[in-house]
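Which chain is which? They are A, B, C and D, in the order written, and residues in each are numbered from 1.
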Amino acid sequence: MKLVLDKQITPDQDNGIQTLLAQDGCVTCRITDAGQQVIGIVKKGTRKPEDYREEPGVAQVLPVSTAHKLVSREFKTESTRVTINNVVVGGDRIVVIAGPCAVESLDQAMTIAKQVKRYGAVLFRGGAYKPRSSPYSFQGLEKEGLKILAKVREETGLGVVTEMTSPSQAPLMEKYVDAVQIGARNMQNFELLKCAGKMRKPVVLKRGLAATIQEWLMSAEYIAAGGNTDIILCERGIRTFEPYTRNTLDLSAIPVLRQLTHLPIVIDPSHATGIREKVSPMARAAVAAGADA
Amino acid sequence: MKLVLDKQITPDQDNGIQTLLAQDGCVTCRITDAGQQVIGIVKKGTRKPEDYREEPGVAQVLPVSTAHKLVSREFKTESTRVTINNVVVGGDRIVVIAGPCAVESLDQAMTIAKQVKRYGAVLFRGGAYKPRSSPYSFQGLEKEGLKILAKVREETGLGVVTEMTSPSQAPLMEKYVDAVQIGARNMQNFELLKCAGKMRKPVVLKRGLAATIQEWLMSAEYIAAGGNTDIILCERGIRTFEPYTRNTLDLSAIPVLRQLTHLPIVIDPSHATGIREKVSPMARAAVAAGADA
Amino acid sequence: MKLVLDKQITPDQDNGIQTLLAQDGCVTCRITDAGQQVIGIVKKGTRKPEDYREEPGVAQVLPVSTAHKLVSREFKTESTRVTINNVVVGGDRIVVIAGPCAVESLDQAMTIAKQVKRYGAVLFRGGAYKPRSSPYSFQGLEKEGLKILAKVREETGLGVVTEMTSPSQAPLMEKYVDAVQIGARNMQNFELLKCAGKMRKPVVLKRGLAATIQEWLMSAEYIAAGGNTDIILCERGIRTFEPYTRNTLDLSAIPVLRQLTHLPIVIDPSHATGIREKVSPMARAAVAAGADA
Amino acid sequence: MKLVLDKQITPDQDNGIQTLLAQDGCVTCRITDAGQQVIGIVKKGTRKPEDYREEPGVAQVLPVSTAHKLVSREFKTESTRVTINNVVVGGDRIVVIAGPCAVESLDQAMTIAKQVKRYGAVLFRGGAYKPRSSPYSFQGLEKEGLKILAKVREETGLGVVTEMTSPSQAPLMEKYVDAVQIGARNMQNFELLKCAGKMRKPVVLKRGLAATIQEWLMSAEYIAAGGNTDIILCERGIRTFEPYTRNTLDLSAIPVLRQLTHLPIVIDPSHATGIREKVSPMARAAVAAGADA
């Protein structure tokens, strides 16, 4: 349920509504949607929708029927724009995000950053904490990697994005990077999602290897319910029977998400295909299907 | 293995090579590729590649390492163009194919044909023999439907394409339509593929619901091995765990196929998504990824 | 809808009901279920269920709510027993069916048949028409293979089962073998299913590589609707992302099918796993889960 | 690589080998396998296998070719037995583990525990920290739930197992329960796996929704590499296209795992099927296929 407030609402009326909601035990979330003040009620109290309809200052009481409430298009009709270091994701321009799998050294990171910037990238992505399937593989430069990312930003002006694999990394992330990524393997690591919900950085939430669109949106809802609505959804290929590509890029998720959610959408054609020369055609297809980045 | 013939080959030399191949028990297929005469050997005899290298009139002896020989890019480097009623699939222009699921009446088919033609369609597709999952569902108008298709072509000038579900329908297909389609459920109906290989009509081969790209190409090879190389591959969505769309459209198949085969590629965004408003974005994405139709 | 007839129904009453159904344009199927005469109505006329309730000789009028009517447990509560050359599939004993992938020669088939008989097999299965994914692979001994199967039965007493890949093979199948198999790749080859429905031999219907249980039952319904209810369902592994086994054997299909259908169930652990030493444990598991063969 | 030590090795020789390995920078793991002392080398130094072959006290130097080293059957030929509160998993008796999805109250937990004990369960499983797909669902009683589990053990004598969703819960887990479970959604939460590797409690590692057997074993390897080899693998169904059951129980994983790993295997038929009356047949099938619990 959501309350659309009157455009001429007085401060007293506003306070009155908030007091009522609080007394009723509701959990709420306030946003501006297409120029209107909206209060979303994610946990109901005992009062019914019609009880609020008569309150002074309330223009409309509307249902939100989806399980993913705060991230739904029903709750917020206007598309969300997420700003990462002055770059707007979800706006008029297609955003290119590029970088190496792992940050290996300052030299490697800086060289790649300058190259990708020259070819149009406006955000730099590289891993400092690497979720490797083998415990014996290189696990990333960790804090050292984050410092390198901060230096890349300083020197190139590119905003930097990196993966967070544990709530314990949150303070360092807040300090060094512009946005955090939650990887496919952690899409339903709910403790990590709760942590991301309390952060003051945008979150790029990758789709799990075999996650349905509905489960993915519920994971985004975890972050939003924690108070952080700067969320970007990243499709990176789903697991199917086809062995030729590493994963199967599900581009139909783009128009499906557009209808279900107000969050911006980024496509990762590199992880999805796993083959260098398939990246360009799939990136073009992603843009044609309506991706934001 | 393939023999690339000398550009200055004499008729005698040519006959000599063909006699040698025949005596050795080879099964061959002759094509023109990028201005060169090529003889593909799909079933080897006892002579070795080097035995042919010395023959007068042979410029090169090259291996074809893939299991799908005749339809492989290795065998024929030039992209194949398939002509259906004066429309070239695989050429410079994107081809739009449209129509109803089933032909239900002359009136219905004609109305739709005129509409889709107005919006850019150059080929008309409608089902006369319907492969229904239930025996109690409408099974199509059958021969009557084919006649309606022929009338649609006569009146609108659009070439007509329809699904063939049994070898017994081949004579009627030859008579009434411009191209036949082999449906997803029959992609490995090898008797039907063999029949299509002997027909003189282009074949649109849909990918099976859970067919790998390799299996799909092997099914195309069945048709080519029968003597019919006017084959168009149609991706129509694969079966995955995602319930939101009917199938998951695998657009990454386009660049993968481009490298593996010389055959043209058509994308069916309607069957893949099963949701009307997802058809346009996925059609745009298909074109961006390099589809021919 | 089904009509359960009165146990004391008179021939006149019976004729009366049949006349009524015929006049109403119904398509019907008559069976004996748990000692009762039942008429199933697979295609309704204009009369309503209550119109039949009052007819003399009708004990009950019951709905059949599933899309798969004739093969449903709702239609026939009693489990079906299918007899192949004196062997009952669906009875008290577990039936072992064994044999080579393809019949290669009389000698090979006879040697294997004697071995598998010694170890408990009561039916022999071998392919004469092979649905190969490559047109260049051995396609089976065809008619010669069927004759070999007939000789195996003659000499060993084992009933013989083989795959039919085209309606054109039906007359030879009727002549030489005891049961026909419809392969996974042809599970939705509806022309072949219709043909099997008119045959007088039991049909082993394998589940498609990515067929849902519902689709599988609808394919069985095609055969039953044609008049042949001697159908055995064969689970042979479904296609998943797991590369270790060739397919993933879905043993949970056994209890699911038990509830949905009255048809007997056979499990093929060899094709499912594709690894010799996994066949025994999966065969044991199949029996524990309730398989008939 | 692993060094099998001589049965008559002297303490001096043993020390000598360990010094050599340490000087070479190797990471090692020492076990007893079928009565023999074995040193596994999970991270190599610069010395070659043949360099160790000549050392006094070394009986054999054998390769471990799999990526999952410590949990592989190649490393340890003898099957591992994991003891949870006096119950041996991986021994001669089939172990039954049962309980509610979530611990809701002392009364609920105790009632269920007594019931399942009466019917043969020897371990009790219930969730205190619940990984819910919706942030608005009940998230478990948390610490209170763990205390209830401890009381259940006290009163019924049943060992208790519960899911751990964050490294921060480890101290409470060590205090209150007998074994921790890592859920399917956290199978590749590598920070959690590393934490489990340092705990002194057995770990039940559930297979991810779309995890290959190889990935699953690599996650077990994370735990083992941390020093905890009391690991039990739990198959709970994989995600496929089939909608009838919640997941598809992959029982063929049992014989596959038996060959690849020495760890015990438990099957969870309840989560896999999601349908009450399918639990019994699948439990029976699991036992027939060789499951330990």
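Following the convention adopted for this analysis, a residue touches a chain if its C-beta (ideal position, glycine included) is under 8 Å from a C-beta of that chain, and two chains touch if they have at least 3 such contacts.
Source: prediction; values computed, not measured.
What chains, if any, are shared contacts of chain B and chain C?
Correct list: A, D.
Which chain's centre, taken as the mean of its Cα atoms, is farthest from the centre of chain C?
Comparing chain centres, A lies farthest from chain C.
In whole angstrom, what separates the CA-based centres of chain A and chain B?
Each chain reduced to its C-alpha mean, chain A and chain B end up 42 Å apart.
Using mean CA coordinates as chain centres, what's the gap between chain B and chain D in Å?
Comparing mean C-alpha positions, chain D is 51 Å from chain B.
Would you mind pulling out the distance in Å between where the CA atoms of chain A average out and where those of chain D do?
34
Do you know which chain B residues sit against two or more other chains?
210, 239-241, 243
Along chain D, where are the residues that touch chain C in the complex?
Counting only chain D, the residues touching chain C are 210, 212-214, 238, 240-245, 248-252, 254-256, 259, 272-273, 277-278, 281-282, 284-290.
Give every residue of chain C touching chain A within the complex, in rising order.
Listed in rising order, the residues are 210, 239-241, 243.
Okay, in this complex, where on chain A does chain D touch?
42-43, 67, 69, 131-136, 165-168, 185-186, 188-194, 208-210, 215, 218-219, 221-222, 225-226, 239
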